[in-house]
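In the two assemblies presented below, chain A is common to both, partnered first by chain B and then by chain C.
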Partner chain A sequence: MKKFIPPIILAGLCLLPLVGLSSYVMHILVLVIMWSIIGMAWNLLGGYCGQVSFGHAAFFGMGAYSSGLLYHHLGISAWWGILVSVPVLTVFSLMLGFICLRLRGAYFALATLALGEVLRVTAENLVKFTQGDLGIMIKQRTWVEKTWYFYVILLLAAGSFLVVKKVMESKLGYYFVAIREDQDAANSLGINTTLYKTIALCLSGVLTGIAGAFYMNYMGYIDPTTVFPLYDISIVTVMVVMVGGVATSWGPVIGALIMVFLAEVIRSMPGIGAAHMTLFGILLIFIIIFLPNGIVGDFRKITGLFKPRGALK
Partner chain B sequence: MAAQVELFLQTLISGFLLGGLYALIGLGMALIMGVMRIINLAHGDLMMVAMYVAYWLFTLFHIDPYLSVFVATPLLFLLGVGLQNFLINPVMKVESILPHNQVILTVGIGMILTNLATVFFTSNYRSTPVSYASKAWYLTDFWRDAPIELSLSAPWSLSFIVAVIMTVALWFFLTKTDTGKSIRATAQDIDAALLMGVNVGVMRAVTFGIGAALVGGAGCLFIPIYYLYPSLGKQFTNVGFVITVLGGMGSTEGAIIGGVILGIFESMTATYLGMGWAPVGRFLIFVAALVFLPGGVASILRKQRLGK
Partner chain C sequence: MSLLQIQHVSKQFGGLAALTDVSYSVEKGEILGLIGPNGAGKTTLFNVVNGFYPPTKGDVFFKGEKISHLQPYQICKRGLGRTFQVVRPLQRMTVLDNVIASAFVRAKDKPGAERMALDALQFTGLVEDRNLVSKGLPLGKRKKLEITRALATQPEMLLLDESFAGLNPFEQNELIDIIRKVKTKGITIMIIEHHMKVIMSLSDRVVVLNYGEKIAEGTPKEIGNNPLVIEAYLGEAESA
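Entry: the complex of A and B
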């Protein structure tokens, strides 16, 4: 029965636009699906392989810029960016992995934290190549309606879900979890830890980059501060996974749903809107202290709270 | 030619002065890293809090920023102890899949501090216009026919001197007092320290407090020569961890040397490439340290001490 849940949900989502939802609701849905792709990508690296990244904005922005620059310099459709971002992000992740993943512990987290900032500054300063703070604008978006964007991102999300699932069911997935649980033990069993950590980074980077390339096509405008921010993308990515559930296949989806809706609700409240980062921070601290494995991971704990005492055994 | 030499020397001087202040930021981070094995990613935001304390003391009561060091450091110490006791300690006990939960927690703390500062104080740039802000000493004042002209800014030098005094005080505290020795013991081996009767829990809280106090002091020293806005913390957190990696994770001597190296390097990038590239230079030095010197400056020092 469990096997059929993803196709049923997918079919349900495919039929959703036929109901005739408003453009705003469609926009929210597109964002939720986009964030769940980024969350799945982070989860592969951070949740399953144990390499926490504080700089997924770097990958997201690289994807968005490879799409935007193709359009800007070569004049071809920005949709090609989704294909082009794959090799770009692979090379970029390989370089990053080669430098930072040889060492263990916090080095990788620190490197990624600085990386987003560095790319933002670079994009701001290379005015001739990236237009600097002016940003890149697509003069005519492909569709006015949100429906087709919804199907494109749904397809990408289904693909990402499948990739993550297949990877985690293969030998590769077991290597990742072994590295997360005990790197020395994994090493002593003959697992080339640096290689497999780099593979996880590449997969994660490519998936995030694809989401970034989609963002460029969907929003039609990017500049360094919208695609490389620390809090609004990198930390929200971490939160999507932490809230939903680390190392669970549905965690990122649930997390994206909660985070995007929460962000919309808080931002629309007068007076509190400016403090949305404070509320996010409090939520993050709350989750870390009380539900360290997220809503999906600690689901039993949550349902346990609502059961009568006797039923808890 | 003379102009080139002059520019170079001037950059070197200002880099060295900046390095002294950076060392103070790095020291607090290295201390926390050494004892608690976590990177405090709210470090720069704690500094931002101290800078606002100094700013409001100056604006409302006309207290000189250098005097507000005496207000801000105890305040930040209490804040640090509180954060450690009520937020970080409980998380250390929680079982979870990710090993980096405490680090993510400090990110959350930093996020809240930045956002609250934006809500309460707006994101305007602020500064403390002290009367001696543009005072400086010139080489030609002392040596009439010097071939080149160099200057030494008064607030920069004063900040540097106070930073050195604080560093020396910390050194005395860590090497001569019982509490300091217990902190160093905890950093070296937690289990052994526990067996020797060190109260590790208290030491953790004290260490986090001292780390916060040091960066708070650095904030007060920065405000006369810099400006202030709520999201400034991020940049100094980056500075702090680049120094920590450059100096060797958790090493205090390494942090001082790393701070000076970074300060000089950053001045050089600012002079020869442009101000905007400073974060890129910082990242390059970080990558270079990871590739060529993974143990940091501390590993070189250790080798020399062992006579290898």
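Entry: the complex of A and C
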């Protein structure tokens, strides 16, 4: 029974644009699905393999810029970026892994945090190559309607979901979790921890990069502060997974849904709209205290709250 | 040729000499007990043999191959498994998943790993508990799980670090039976243990460390009568 849930949801989503939703709602849906991909990618590295990254903007931005620079310098369609970002991100993740994965725990997190910032500043200053703060603009986006973008990102998300699922059912999945639980024990049980952490990083980086490349095509404009920001991408990525549920297959999807909608709702509120980051912070504190495993991970706890508690009243 | 040869191994942490010129070998098929007072360097020696620390001086040979500068996972692949003194199960995994994760070292695919894991669990008598999350297991079972995991990597030799600490007499006897069974499978064992009853009844030979130096080696009986060993454990006989 459980096996059929993902195809049913996928089919449901495929039919959604036929209902005739407004352009705004479609935009929100596209963002939710894009964030699900980033969340799934982060979850693979941070949730299952235990290597918490605060720099996923680096991968996202690399993907976006591989797409944008192809268009800008070679004049070919930015859609090629989705393909090109795969080797680019693989090489980038390998280099990063070689340097950063010898660090453990908080030190790895700090290194990735710095990385995102380093790339932002680099992109701002390599004016000849990246156009700096001017950003890269696609003069004519492929479609005006959102529908096709929706289908493209849906396809990418379904692919990512499948990849993560297959990986986690395989030897890799067992090794990732073993590394998360105890690196030294994993090492002495015959697991080459450095190798498998690097694999997790590459998979995570590539998936995030693909989402970034899509973003370039979808938004039609990027600059360093929109694709390499610490708060709006790196931290939100962590939040998506933490709110939804770390190390769960549906956590990132639920998290993305909540975070994107919440961001939209809060931003449109008069007066406190500008403080949406503050509110996110408060939300995160609540989640950590009351639902440390996220909404999916602690689902039983949530349903338990609404059950009648016998004579207690 | 001996299965494991430890040759002139020294390990220093800064100015502290944890091991000084330790040499001995372990023969195929035997159980070698490694004893010594607290801080004698027993676990450090395990960590050197297992690859967590490179020795400062000296070398370790396993099956004639020098392993002293390999990583732990490489040493495990060559057939040398170990357990930890402080049990380290992969907490948020079930017992079965724990063992599957280590069986993957030898298994080609998931069904193969699962079969090997179930065999190992059967062997140590944990098969009934396979679907429990390892975090909630009582200590006795966690110690068994630790050994099961090491066995699932199909080792030729097993390093057991204080597998008996904290167990009640019933659990101890169970574990002694398991270790004897492991030996009959042809797996060589080196065991660190404080429990004299256990070590004397299990070991074929005993090596004694004190302050990082080997002070005695011999059969349990010889060790029990060795004045140096008695001195290390009980202090010098009063001469004044």
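In this text, the second predicted complex is superposed on the first by the 309 of 313 C-alpha atoms of A that agree within 3 Å, B and C clash if a C-alpha of one lies under 4 Å from a C-alpha of the other, contacts with A are read in each partner's own complex, and residues count from 1 in each chain.
Everything below uses one rule, namely that a contact is a pair of C-beta atoms (placed from the backbone, for glycine too) under 8 Å apart; a residue touches a chain by one contact, two chains touch by 3 or more.
Note that the coordinates shown come from a computational prediction; the quantities given were computed from them, not determined experimentally.
**Student:** Using the overlay on chain A, decide if chain B and chain C clash or can fit next to each other.
**Tutor:** Once chain A is superposed (C-alpha atoms), there is room for both chain B and chain C without a clash.
**Student:** Going by the contact rule set out at the top, does A:47 touch chain B (first), chain C (second), both, or neither?
**Tutor:** After superposition on chain A, A:47 lies in contact with chain B alone.
**Student:** Contacts for A:125 in the overlay, against chain B (first) and chain C (second): which applies, first, second, both or neither?
**Tutor:** So A:125 only meets chain B here.
**Student:** Tell me the contact category for A:184 with respect to chain B and chain C: first, second, both or neither.
**Tutor:** second
**Student:** Looking only at chain A, is it chain B or chain C that touches more of its residues?
**Tutor:** Comparing chain B with chain C, the partner touching more chain A residues is B.
**Student:** Is A:94 touching the first partner chain B, the second partner chain C, both, or neither of them?
**Tutor:** Touch partners of A:94: none, neither chain B nor chain C.
**Student:** Of the partners chain B and chain C, which touch A:174 in the superposed model: first, second, both, neither?
**Tutor:** In the superposition, A:174 contacts chain C only.
**Student:** Across all Cα pairs of chain B and chain C, what is the smallest distance in the superposition, given in whole Å?
**Tutor:** Across the overlay, chain B reaches chain C at a minimum of 5 Å between C-alpha atoms.
**Student:** Which residues of chain B touch chain A in their complex?
**Tutor:** 38-39, 41, 87, 90-91, 94-101, 103-105, 107-109, 111-112, 114-116, 118-119, 234, 238, 241-242, 245, 249, 274, 276-277, 279-280, 282-283, 286-287, 290-291, 294
**Student:** Flag every residue of chain A that touches chain C in the complex, lowest number first.
**Tutor:** The contact residues of chain A facing chain C are 169-171, 174-175, 177-178, 181-182, 184-193.
**Student:** In their shared complex, at which residues does chain A touch chain B?
**Tutor:** Residues of chain A touching chain B: 46-47, 50, 52, 54, 99-100, 102-103, 105-107, 109-111, 113-115, 117-118, 121-122, 124-125, 180, 230-231, 235, 238, 242, 246-247, 274-278, 280-282, 284-285, 288-289, 292-293, 297.
**Student:** Give the list of chain C residues in touch with chain A in this complex.
**Tutor:** Going through chain C, the ones touching chain A are 50-52, 71-77, 81-82, 84, 88-93, 97, 100-102, 104-105, 109-110, 113, 149-150, 153.
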